[in-house]
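Two complexes, one shared chain (subunit A), two partners (subunit B, subunit C).
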Partner chain A sequence: MTAAVPPLPRPRRARGGTLSTARRREGVIAIGMAGPAVLLLLVFFVIPVGLAFALAFTSARLISPTPARFVGLRNFAMLAEDPVFLRSVLNTFAFAAVVVPVQAGLALGLALLVNGRFRGTNFFRTVYFIPVVTSMVVVSIVWTFLYRKDGLLNRIIDAVTFGHVQGPDWLNDPSTSLAAIVFMSVWQGAGFHMIIWLAGLQTIPAELHEAASIDGVSRWTRFRFVTWPGLRATRTFVLITITISAFSLFTQVNVMTQGGPLDSTTTLVYQAVRSGYQQQQTAYASAISLVFFVLVLIVSLVQRHLTREKD
Partner chain B sequence: MTTESPRSAPPSARRGLPGHALRVVLVLFFSFPVVFMLVSSFKPDQQIFGDLGSPRAFLPVGSLSLENYTAVFDRVPAVRFLLNSVGVSAVTIVLGILVNSLAAFALSRMRWPGRKLLLTVVIATLIVPFETFALPLVWWVSKLPWLELNGFSLTLTEGWLDTYRVQVLPFVANAFSIFLFHQYFQSIPKELDEAALIDGAGWFGIYRRIVMPLSGPAIATVAILTFLPAWNSYLWPLMVVQDEELRPVMVGIQYFFQLNVSWGQIMAYSSMITVPVLALFLAFQRSFINSIASSGVKG
Partner chain C sequence: MNAKTRRLVAASLVAVTTTAVLAGCGAADGGSGAEGGVLKLWTHNAGNAAEYDVVEKVVNDFNAGQSKYKVEIEAFPQGSYNDAVVASSSSKKLPCILDVDGPNVPNWAWGGYLAPLELSGGEVPLDDQLPSTVGKYQDKVYAFGFYDVALTMFARKSVLAEHGIRVPTPDQPWTRAEFAAALADLKASGKFEHPLEMGTGGSGEWWPYAYSPQLQSFGGDLVDRSSYKTAEGALNGPEALDWAKWFRSLVTDGYMAQKSGSSPNDDFLNGKSAIEWDGSWDAAKNVEKLGDDLLILPPVDFGRGPKIGGASWQWAMSAHCAKPEGARAFLEFTRKTKYFTEFAKATGTIPATDAAAAQIPGYEPGGRYESFVRSARDFAVVRPVTPAYPYLASVFEKTAKDIVAGAEPEAALDEAVKQIDANLKLNDFYAG
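Then we have the complex of A and B:
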């Protein structure tokens, strides 16, 4: 480039040679810019996901002098006969089956309650959102205290029923432990999805609501025929994200119960961590991960399909 | 309620008292554990249990002191854990903004081979939860090599366990951040690029001087959405960090909790790692809420 050459008015319309050089330059620079992200995604996402598939069919251990061997379906055969694993699948499904509808419903209720212009909207939204910015580890620790036999929750139950009902030892009783974790998890997560629902509600044109209220339509009818159909995209998103996070249940269990009592709160991810990390059986943990992966995939696809068909 | 006129009153005002009562009850429901935690952190253990039967449990009354806090600092290197988490979060945020915005820039404004492939991988990572490949990833990072500079000689070491980098690097490239930047960059007119190219600017100059300065809201959103999981990270450091020197706050409190020494101290430690985040949230409320909302709009 010399000063004598006037700048080209539009690089894209230049002669063939210049065009392809510019294109090639653009390509090289783009690859350079995307390079770090591509490399990191390759090393920390693509390869580990591939490894989950590959290692599940081997005898790999976390720290082992002998190299991993191919063992076919042995890990899966062991899984099928592992009662604790089967219990963890059951618990994970039970947890998700309750948390998904309850949390989605509660969050929608909250969103409807604070959607609108009145004094203090912001205050209410902020307070309902506080559990979301509190870490799950801290939430689990505080609730462990609340759930004690002589803890706050049972004191409240005692006061409200004038001593007629005695609360159980929530986390140490196999019949209440999972329910206790469900309740706390919904409490922690509802605010997050309230915000998502609110964002969805705000995409519904106000004229629709105005038209409906001028026509004297009842509030329920308005919800049924204006609000609900308008939330279709949001609905799919909320259901899938809650389902995936419900299936990933780990922190609460690890902090509060370590899977107990009597395996009543053990979950898929908890079992994967136990075998893959504590017992160093990477291959077995990979097999669990693979089952988990397939379950998440199936449930997401089914939900996407169902929510699509209804409307 | 039957003679309401829709013109004079906005719909929400008509919900009136029952709705408002419900909202207030919900305020108590969503705040009581956090209030209890904060209040108890200043009370001696005996009083925490003594106050349980009355509303005093939620009130800063009785003998209040900072003793629980000083005891936590005496027992464990809590300052070290806090600094570890601040450092890991900060580096993850800065690298995340840089790496993901560069990738999004290349994706949204430039033509190059491999564009489609990257988009596919990005979309795949959005639906695969971290927990599905966390265990194979532990095995993988225990084998990864690293170049270490010892004085003047470079040595090749194996294994990333017990390092800071293993807490940062897996979380830098983030599909959702790329996605957010990509969406935002699309809204910045491409004519600006062409004009700049004619003026002799390079692609990197366009990124640095035109696109990034216009992307404040996207940067804030990515920063917040990177900060929360980084600060709260638990499962991952639990498995890959044994060294107490490198331990982040959430793993630190888990070990402290297992010692089961004193509830007052546990509440003090809990408050200590929660209040900074709450303060940030209250200060940047609008950005926090918008970040979360934006995560839903384009799921």
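Then we have the complex of A and C:
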């Protein structure tokens, strides 16, 4: 009997032990699983971002014999007085304000076109998607040629108007340069969002469309009351991704105009890179990045608020 | 901890340590037989086979000639070379020997990248070199180059003769008025949409390199070189304003494109322009295409004599070098006339010494390219010798582009001066 007594409490203890061990084990596994990703995020995202924020309040330079010191808000005070920076903010917003609706609209139009069942759908989908898979640098260089004063675009204008209209020197004229970059960017980016819209369109149950056509509604009504509401989630996604990518406009500017002529195409990211590398002003560039981050954050929050589920 | 968890943790640990070890291996110098050790050498010539071959030959000669040190080359594409140097300097991993673009020497010396050379040996004394090929900062020599390049104007003999335009010589260059009259005649002929090709489609260092000498010939400059503490008066004085107005007038008068094509030299060779402002690096190609019809002309004298920019790529020793005597031995070894000759031959540039020039066809006295040597000696102005140079260059590029695009010259120059002065002040005038 003596042998039978001790085992009694053991299972109880053991059961309690198994529970907590299991939980602990789960925790360890979770840490083990998340570890690599967390480590990478820390090293390549959290620390750099944290550093950038901290550097914005110092005198850090890319090349300097003296260590960086804390300078408070000096970099931000300088930003406020920098006409090129203010122009960059303005250009960035102007670019986003045009690109977001136009690119989203065009992409939706293309998606509706290639959503139908007709011969060659895949061909058109591919054609519209080609600019997306082409490197932005290559696209920018090619469009620089198209936009030249004696480039293809102006030749077409000349031919179509029988020589009555002379196209401007698109990228070298402050009044047309940003518009030229907007046009080219929309052309390049629309294909990507067309695919997203297309995915959204195909989640809408076919019965709804069938029901609508049995009811004999017009195409517009069907779009307005079936398709559009069915795209709610896609809409939010497209809106936010286009906005963020529009705000980070850099490659086109760097390749095509370097911010010119007369600051007409300079952007926040372009200025951050220019001050940080070319001009070696790491702290100033960090300050620009911090302002950029805050602006994008505000815009995204506003968008989140406007597109939230209103129940 | 049960076996499964333990295995997971162990696997994670292994993964982490492997990564760390791999990273460590990348950083550590590979061992070698040389008793003095391995000297790393960095060059920007990865995409530049002709010059790279000479670097390789010099290094092989050095390695074969002694057994104490072994120099190992690492080549980078020019576009990312400076970034690589800056990045490895912040982690204190610069190689012993590296090349550096002339105008960056003061910046890198000030930033603690470079060590003063203090060369004592070598076949060719530093004094024999073209002054622009020796990189100095605060009276110390930090770098030397085997060659330089020169700005020049190319034109066709036949075109100038047809329009009755005098062929200028280094002793009697075109004056501002003569140049203006020549451009007006060429434009009036109707044969050239833009008679003058200045390469305004370029960007980066080309702008300060190509156009600041013209500003200097007018009497202006990027910064007041007497103190290096302000650009006031130098970049926005009456002379600079005069330059800015002239520069813009080239566009408004239709003499020059606001932004020229992507291959200005081909445009000149194809007869699209009559006069091209270009570098000596295109001379060989032009001679080949145009033969005797090609004229290699000195720069225009806008009042203060003709000017060109000086200094090209040079060799230096890093401040992080653990074996400075080895790096010095290598650099002294390279100072032989035959290497000066080979570098210049391979790159089609101006050799840094007269002895080397005498051995390269065309650069000898009376040769086809002798005027380049003369220009490099007599007209070259090194870009401002200050650690602030990269900043000055960036501001000048933007300002000049704005002016060409039609910005109000006075306001644009004043803004440039304001920015430069603010930057100088912010960095305590780059003292130290």
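Worth a mention:
The rule is short, and it goes like this: the second predicted complex is superposed on the first by the 273 of 311 C-alpha atoms of A that agree within 3 Å, B and C clash if a C-alpha of one lies under 4 Å from a C-alpha of the other, contacts with A are read in each partner's own complex, and residues count from 1 in each chain.
What we mean here is this: contacts are C-beta pairs under 8 Å (C-beta built on N, C-alpha and C of every residue); 3 or more make two chains touch, one makes a residue touch a chain.
Since this is a predicted model, take the numbers as computed values, not measurements.
After superposition onto subunit A, partners subunit B and subunit C are found to clash with each other. When both complexes are overlaid on chain A, the residue A:Ala246 reaches neither subunit B nor subunit C.
In the superposition on chain A, contact of A:Leu62 is made with both subunit B and subunit C.
Contacts of A:Leu178 after superposition on the shared chain: neither subunit B nor subunit C is touched.
By the touch criterion defined above, A:Gln279 lies against subunit C but remains apart from subunit B after alignment on the C-alpha atoms of chain A.
Contacts of A:Val299 after superposition on the shared chain: neither subunit B nor subunit C is touched. Contacts of A:Ala104 after superposition: neither subunit B nor subunit C is touched. In the superposed model, A:Ser213 makes contact with subunit B only, not with subunit C. Of the two partner chains placed by the overlay, neither subunit B nor subunit C lies in contact with A:Leu79. Of the two partner chains placed around the shared chain by superposition, subunit B is the only one that A:Phe192 touches, whereas subunit C remains out of contact. Of the two partners subunit B and subunit C, it is B that touches the larger number of subunit A residues.
Stretch 26-34 of subunit C is the one among 26-34, 62-70 or 296-304 that clashes with subunit B after the shared chain A is superposed. Applying the stated touch rule to the two superposed structures, the overlap between the subunit B and subunit C interfaces on subunit A comprises residues 29, 36, 62-63, 277. The part of subunit C that touches subunit A in the complex is made up of residues 1-2, 4-5, 8-9, 11-12, 15-16, 83, 86, 89, 107-108, 110-113, 203, 258-259, 261, 387, 390-391, 394-395, 398, 401-402, 405-407, 415, 422-423, 426-427, 432.
Subunit A makes touch with subunit B in their complex at residues 7-11, 23, 26-27, 29-31, 33-34, 36-38, 40-41, 43-49, 51-52, 55, 60, 62-63, 110, 113-118, 120, 122, 124-139, 141-143, 145-146, 150-152, 155, 159, 187, 190-192, 195-196, 198-200, 203, 209-210, 213-214, 233-234, 236-238, 240-241, 244-245, 247-248, 250-251, 254-255, 269, 272-273, 276-277, 282, 285-286, 288-289, 292-293, 296-297, 300. Touching subunit C in their complex are the following residues of subunit A: 21, 25, 28-29, 32, 35-36, 39, 59, 61-66, 78, 83, 148, 169, 171-172, 174, 258-263, 274, 277-281.
Residues 6, 10-13, 15, 19, 22-23, 26-27, 29-31, 33-34, 36-37, 49, 52-53, 57, 99-100, 102-103, 105-107, 110-115, 118, 121-122, 125, 127-140, 142, 144, 169-170, 172-173, 175, 178, 194, 197-198, 200, 202-204, 207, 228, 231-232, 234-235, 238-239, 250, 253-254, 257, 263, 266-267, 270, 273-274, 277-278, 281-282, 285, 288-289, 292-297, 299 of subunit B are the ones touching subunit A in the complex.
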